[in-house]
Amino acid sequence: MRTGQTHLFIPGPTNIPESVRQAMNVPMQDMRAPDFGALTLGLFDGLRRVMRSASAEVFLFPGSGTGAWEAAITNTLNPGDKVLMSRHGQFSTLWVEMAERLGLDVEVIDVPWGQGVPVAEFERRLGEDREDAIKAVFVTHNETATGVTSDVAGVRRALDETFHDALLFVDGVSSIASIDFRMDEWGVDLAVTGSQKGLMCPAGLGILAVSEKAMDASTRSTMRRAYFEFSDMRKMNADGYFPYTPPTQILHGLAKSLARIEAEGLDAVIARHHRLAEGVRRGVSAWGLDLVAAEPALYSDTVSAIRVPEAVDAREVIRIAYEEYNTSFGTGLAQLAGKVFRIGHLGDLNEGMCLSALGIAEMALARSGVRLQLGSGVAAAQAFYAFGTEARERIALAAE
Amino acid sequence: MRTGQTHLFIPGPTNIPESVRQAMNVPMQDMRAPDFGALTLGLFDGLRRVMRSASAEVFLFPGSGTGAWEAAITNTLNPGDKVLMSRHGQFSTLWVEMAERLGLDVEVIDVPWGQGVPVAEFERRLGEDREDAIKAVFVTHNETATGVTSDVAGVRRALDETFHDALLFVDGVSSIASIDFRMDEWGVDLAVTGSQKGLMCPAGLGILAVSEKAMDASTRSTMRRAYFEFSDMRKMNADGYFPYTPPTQILHGLAKSLARIEAEGLDAVIARHHRLAEGVRRGVSAWGLDLVAAEPALYSDTVSAIRVPEAVDAREVIRIAYEEYNTSFGTGLAQLAGKVFRIGHLGDLNEGMCLSALGIAEMALARSGVRLQLGSGVAAAQAFYAFGTEARERIALAAE
Amino acid sequence: MRTGQTHLFIPGPTNIPESVRQAMNVPMQDMRAPDFGALTLGLFDGLRRVMRSASAEVFLFPGSGTGAWEAAITNTLNPGDKVLMSRHGQFSTLWVEMAERLGLDVEVIDVPWGQGVPVAEFERRLGEDREDAIKAVFVTHNETATGVTSDVAGVRRALDETFHDALLFVDGVSSIASIDFRMDEWGVDLAVTGSQKGLMCPAGLGILAVSEKAMDASTRSTMRRAYFEFSDMRKMNADGYFPYTPPTQILHGLAKSLARIEAEGLDAVIARHHRLAEGVRRGVSAWGLDLVAAEPALYSDTVSAIRVPEAVDAREVIRIAYEEYNTSFGTGLAQLAGKVFRIGHLGDLNEGMCLSALGIAEMALARSGVRLQLGSGVAAAQAFYAFGTEARERIALAAE
Amino acid sequence: MRTGQTHLFIPGPTNIPESVRQAMNVPMQDMRAPDFGALTLGLFDGLRRVMRSASAEVFLFPGSGTGAWEAAITNTLNPGDKVLMSRHGQFSTLWVEMAERLGLDVEVIDVPWGQGVPVAEFERRLGEDREDAIKAVFVTHNETATGVTSDVAGVRRALDETFHDALLFVDGVSSIASIDFRMDEWGVDLAVTGSQKGLMCPAGLGILAVSEKAMDASTRSTMRRAYFEFSDMRKMNADGYFPYTPPTQILHGLAKSLARIEAEGLDAVIARHHRLAEGVRRGVSAWGLDLVAAEPALYSDTVSAIRVPEAVDAREVIRIAYEEYNTSFGTGLAQLAGKVFRIGHLGDLNEGMCLSALGIAEMALARSGVRLQLGSGVAAAQAFYAFGTEARERIALAAE
């Protein structure tokens, strides 16, 4: 029998703060009541602030982030439209697949998993596209499978420097509200996220923020769609209502989690994610293991994908952690299956939780046959959390 | 400030039983954990039992019933396919609209709101369709806007008697788990519902049950779809997992509500809905008001749409109930706006709640200017609840 | 199997508002944490406001109201002290019994159940007590067993007019936060309540408010006590802490319920209790049944004890309500067993709930063999709730 | 703003398992309902099993463990009775103090804090007491202030070997349901605990288990008492009811926590506490710090009191943990204030939580100026948790 707290270190869905759970534990209510709209309108405002956009149109579709991907495509593009995407992890791969299924002509650039969006190559292709055949560029801001954060601002620059008019779409599912994301500054036309990552709610809402330019495109899109129709949603949303029954509990949870983010401060939230992630990375480094992410500039502050030695099956590490230590780590997906395990470090998190992630991982790794010094990763993280940049020095000192 | 229990009498989302709320109030968990699948597999079994099907394929899409409508269409039909539908209330109208948007050739039969699906007319059209051009017949089992339950078994007989091969689709959103529904016996090919009505959970799941015949059709469907793709879902569902993040809290809630239904007994659940609804109807009759439903055979056991006298605006009744008595009634939709208010009487309900619905309605009606004897509807319902068929006699007796 | 909302109409513990339940559903915390004290200090302030006292010392003992009774006695009186009490219901009887067990010399005045504290007789005795042998006068503000509210202000006047120095103790368990109570204005020296009535929390806290005069007496009391020792509690309370582990969840709940009371306004809370109770009483009157309370001046706004006809066993009414209608009424206690059932109408309550209490009671009464017109009590309450003082007129009008 | 899980490592109140929190989050109910008694009767059985007693009378007083101490004394002893107690920590000291306040003649044996009950000295005194003047011997099974577990079985042997008839009272507040406790086998006459430690519920219940011999003594006790009267409670308890309002929510929680204990197995619960505690102790040893407990035989499996170096104020360690790391450790009490901090390791706990306790303590210690190697304590605990008795070897191996 499992006892004690569950240690959840997957890269989403994430730990739900108690106050958010409380806010959601409400009796059912009438989603057509006169005072219901105010709740929703507040969420639109709060989400714009989280995405750093002054005026984006925000949509909350009952569904998942995958549904929001579909809404993004079917509302703004046309069958046969050319789009530019890169494939550098499982989630970017799935998005490509969806785009193809939905009838887009996808120009895919494959880069090794562990790399990010190939900004220079994107720029080259955009530069070559004199007739603006490319209607949209898709960027997976944070590739959850590999723990790689890509350079959205770089893609914007590529568009600008090639004077290209394509829409800029961003999958921010595992970045928004955790990693710096600047919708207006970066000229993002459509950002997609879900309720269950940085927003610290249960899964159940696919969230989109849409620029005026993309909203304008949506009026001309001829793709077949019904459930994910922007115009129906927008009409009802004007007063805070929905064209069909929304998951009201999550709306209340989201109101609370947005309030938490504002109370902590968005910049502080982002800084905390960076600090906690950096501690985890120092731990991994102390173990002598490698991240999938190819270089520091690509390191994700929400998830670390950690390669285990070749002789070891990462699934065994995950199994031990789950069965023996009531702990969930993320598994390696597709080509990374068995080769990596992932530590999700996003959402409602603190230092002690990261230490337990590292400490449990060490036990599971050691028991799986990985040679490492127990406590070594924990110590590296502790030094950073407790003494910051002076950390290395302190460890040396203490070890004397 | 509002005090006391909220009285929720809309036809969905419905009151969530405390035990279901408890079951949902769990910390977040890993939807890829080895023991997660068992939860989902149990739900498929339970839902089949609720739909009285031995072998239907069940799908749980994060979304709403509207999403499930779309999944039904896009997975099994082809662009331009002819389908037969009737329009006899707001929800059947919306389904027609969606079918048209998604590219179907809809043969619509309009009947007055308050009537049900025109079975005889359906049979005539099916009989005329010698080449089986009609690929599917759509039936709104319970039209929530008018409180009308249609004769699904009759439509099956119409198909059988015309030797027609069309698929039989049923919108069971406001009937399943409340009103008798027999998927296998009636030869239903595809039934759609949501988590937030008879299943007593929050909104957030679009639920489908699909016959072998419809599953077979789905392998040939050429409609564009991605999020609602049956085959992706089926592949992952085999072990109880999902292709994208499911709303785990609702899954736990659904497990509990299915357990409640089994504990009460499905037949008992249906009988209870009938009994409670009949009490409400006797109350309405005592007021001297009419239901929208044209005749007793059509009366819905989940919702009653009640016409107010012409001089009165039903929205005023609803407003008073909401503002003064912490009570939500359903509003009149589209052509019924202002003319009716609706009492939802489905899900987790008992006699005392129905009495309070009637009692509050009486106060709101009286204050809106409707001439009625306070307590008269309550008394009629009480007599039926307390003494059943002997009720009329008892009232006479008591009043002596 | 029980379905639907539970209808709780006992005179405590009372329905807990959802927001209070949410506030209590917190993880365990350290009751010695540096920021814990602020929570408690806020409760002391809030409770003083509810008791309308500027400066009373407030104590929160883990326990029940019965424990608070004991704390009141053992901290302020001495073995053999003479006290004046009346016995006019089960709870006043139990308090007398406790006083005797704890070694007080109780001068008891028995009055028929249904009467209140005999103010004139109290005045006579106090007048005769020239040597101030009587150290304290005990008043049960609201006798929960009979639904009788006594005249505390009258007892104060009796003390004043006889220039008597006795302490004035008030059992306000079922009155405070529901019925007007004025600690300072009435010169109450010690008031006792619990968390589970007007304060809308679970049982678990015995609450006292103590005047300076009674605190002073407590420094000289020689009764043996330990757990309920004021001085230990006071010392730790100064910073908001406790000498032993407090029930922190209830403290959080109490903070929320006090906030609710302030938001509604204490005067509005009291007025609402009066209005809802008056509706219930009009219902009882319409049934042709009598209250135990002897006259309108004694009617309690928190509980009505209703006599059933002699041929009927009130326990049968209660049994039917519980088993058939998921409803709890209060039972008749001691000499009233089988003769009365009680409707508790305090705490988190509204009109619809009172109508369902009356409606369910009518069904249970009718099924128990009481001759009454179903709906008659509901109608009387509705008329009052919907039209107030014009009610009688309206009923006549409507019935034409 | 605090983010992430709260790390609660005080020796009670302890972390409440989610399933217990769920079980408690119920609407209020009638504690006089016909089916209420079954709940309580099940608790009595379950608590007897946890205390390993076949027939003890169990009492659940609304209150705290301190209240249960008082109930134990006032129900079974008489004013002036001689009792034998030892003072070896803050809680045994407080119990002595209470016994004196309540009028007992306490023969106190003071032993240094860090020692346990002086069994040999007890035996000597009992041997000298030829006339059985000593009516009861009080043993604090687990002294929470010092982390010392005493030898209750030894005290029983001392009584037996001196043929002494005194009652044997045990304070099991921080041992029962966590550390092996055998009421019948050890001939314990009265055991006291609370709901908020090994029983994993909120504070709010003082729990007693009473032998037939002590129940017999209670019929002759002349101490003044009312609230804590066994006979009133016993009479109502016979059918599962209470003489005054019980905290029903905690009763539901207790039913769930007892079910959890049975599901895990009481022996397994005790073994888990030992294993987790041993890991923590190895961590402390790796830091080079000392426990207050004088020797391994005395080590408590529920709490470790850890001495900090003289130059450091332990309150600073606790402050840093609380303010910076959202973590609560226990403070040093009375003569240990500033000299120790305590890690509570009881109740709903697992390995990962213990590692985070050690990891956070290391950061707080290091930041307070304690010289230790970060990660060293964690590593020692990990080695034990992951490899058990082979641990030492493995560390050596890994470090090569």
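Per-chain numbering from 1; labels A, B, C and D assigned in written order.
The rule we apply is simple: a residue touches a chain if its C-beta (ideal position, glycine included) is under 8 Å from a C-beta of that chain, and two chains touch if they have at least 3 such contacts.
Keep in mind that what you see is a predicted model, and the values were worked out from it rather than measured.
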Centroid-based (C-alpha) most distant chain relative to chain B:
D
Rounded to the nearest Å, the gap between Cα centres of chain A and chain D is 45
Inter-chain centre distance, chain C versus chain D - centres from mean C-alpha coordinates, in Å
36
For chain A, jot down the residues that touch at least 2 other chains.
15, 21, 25, 27
Should the pattern of chain-chain touching be classed as line, ring, star, complete or other?
complete
Chain C residues touching chain D in their complex are 6, 8, 10, 12-16, 21, 24-25, 27-34, 61-67, 69-70, 79, 98, 101-103, 194, 196, 202-204, 223-229, 243-250, 319, 322, 328, 330-331
Contacts from chain A onto chain C in the complex sit at residues 18, 21-23, 25-27
Which stretch or stretches of chain D touch chain A in the complex?
1-5, 7, 15, 17, 25, 260, 263-264, 268, 272, 324-327, 348-353, 355-356, 359-360, 362-363, 366-367, 371-376, 378-380, 382-383, 385-387, 394-395, 398-399
